[in-house]
């Protein structure tokens, strides 16, 4: 597959789960061990009307999703999240898209570690995530094409 | 306020942000340093149609939300999330409500630590969270009633 | 084995690694899924002479060690640490022993989650840890008695 | 101060705590927001005689220490650790020095986030850490020179 094909395929898959459709997530870049996803600004993502910042839960969901996507390009199998950490470096100002760049740091026989940076469209780092996924079924990919991320 | 009043007030506040309305979150119990929240089963929370489990991002959002709610009962101020960890102990089977029980472990002058257990309606522990919040503005609560959680 | 035997066996094993000897760790209680360890007060554990508190690295090491011990009682195999989180709730005043109570929260086919509370001898919670271990070799225990913790 | 002065000063300070002397830590590089520390190979750092790898607690201590050092160059004040995460990407083979490179990701009025990579002398990434520190006293540095790290 060309890079464009990888992006298009991942973009198709990632839009399937209804929660991803709610987030409006789209694939910006994709390569082995790398996924860059984008969610658009939406008024309903604001956590606190008095502090117009994106809800931390939206950002956490984006981190998990991007990490799983980066891994899927390599593994082509579902990789359940074992644990996740999100650090909120600064408020994500509402009204701006958020871009999550996920890179696989290490992928072994049993688990994989993925780092995720979340920036706004002015390249300000708003959050940083670390996710650990189980890749236990790597040896036996499922028959047929399973939707794997989320 | 009576306990029932605390619950009703928190329940009113927590339903304000649109993302909380999407989650359908409601307050089950509330006391100083404790919040128990519930989200109903929704088909759109499923992450992967082939593995009918609740999306990890939904669970992460619930953890952050419950932690903030437990703290708000004590502080009555907005407390931005500094960081959060979520451990996914077992898949959250779709079609069941999820109950998050958040307890403030320690609340100092600057930061507060909150532990969150997420169980299904059969009391199976599906996830465990640890959240750290900034309580820096505790000394100067905002004028008027601010919506604080999220 | 009786409970006393379990404690004595674990205590023997845990003293083998030189770093554990440096820490002076001893086993206080032990049962399936539970380990309570203790390190004595030592002047050399102080991190900063001007703030006489125990070094955070000593506490982190104790967390990892206690979590591994709790798991070893169940698994009897080496369980490498995948990741660990430590929250420092309050300074651990130097000159007091520290007691780490580790409980296995969940132990599956591939990974296990362990929670660890670190208290001083006045029952003040000074730190709280969460560790994830690989239990991948559970099916095939090593021949002979392996020292497993650390 | 020249870069060499910064390194020499930090190196002097970092050797003060007895636990750091035990670790044998030395400063390799230092600049605002960056610290590179090194610990030598020592037989007593081995966790499990049957699996000759460096004890996870040693690595966790190094992560905390390096993160605090990177921050101290900027802040010149003690910055207590709020929480720390360590991911163990691969075993740290005993008999090799370990190098921790800590970079301040974000430093605000109240907290700072630091990322730490731990590699061996063959540039293999063995662990990755994320630490959050309280910088609350930044406005009021202590009188005189306090030893700050640890």
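Should a chain be cited, it is by its letter among A, B, C and D, assigned in written order, with residues numbered from 1 in that chain.
The working rule: a contact is a pair of C-beta atoms (placed from the backbone, for glycine too) under 8 Å apart; a residue touches a chain by one contact, two chains touch by 3 or more.
Just so we're clear, the structure is a prediction, and the values are computed from it rather than from any experiment.
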item: Interface with more contacting C-beta pairs, comparing A-D to C-D; value: C-D
item: Farthest-lying chain, centroid of Cα atoms versus that of subunit A; value: C
item: Whole-Å separation of chain centres (CA-atom averages), subunit A against subunit D; value: 30
item: Centre-of-Cα separation between subunit D and subunit C, whole angstrom; value: 22
item: Interface hub residues of subunit D, defined as touching at least two other chains; value: 82-83, 85, 87, 113, 132
item: Residue numbers on subunit A that touch subunit D, as the complex places them; value: 85, 87, 89-90, 105-106, 108, 113, 115, 125, 128, 130, 132
item: In the complex, subunit B residues that touch subunit D; value: 82-83, 85, 109-111, 113, 132, 134, 136
item: Subunit B - residues contacting subunit A, complex; value: 16-19, 22, 43-51, 55-58, 60-65, 78, 80-88, 91, 142, 146-150
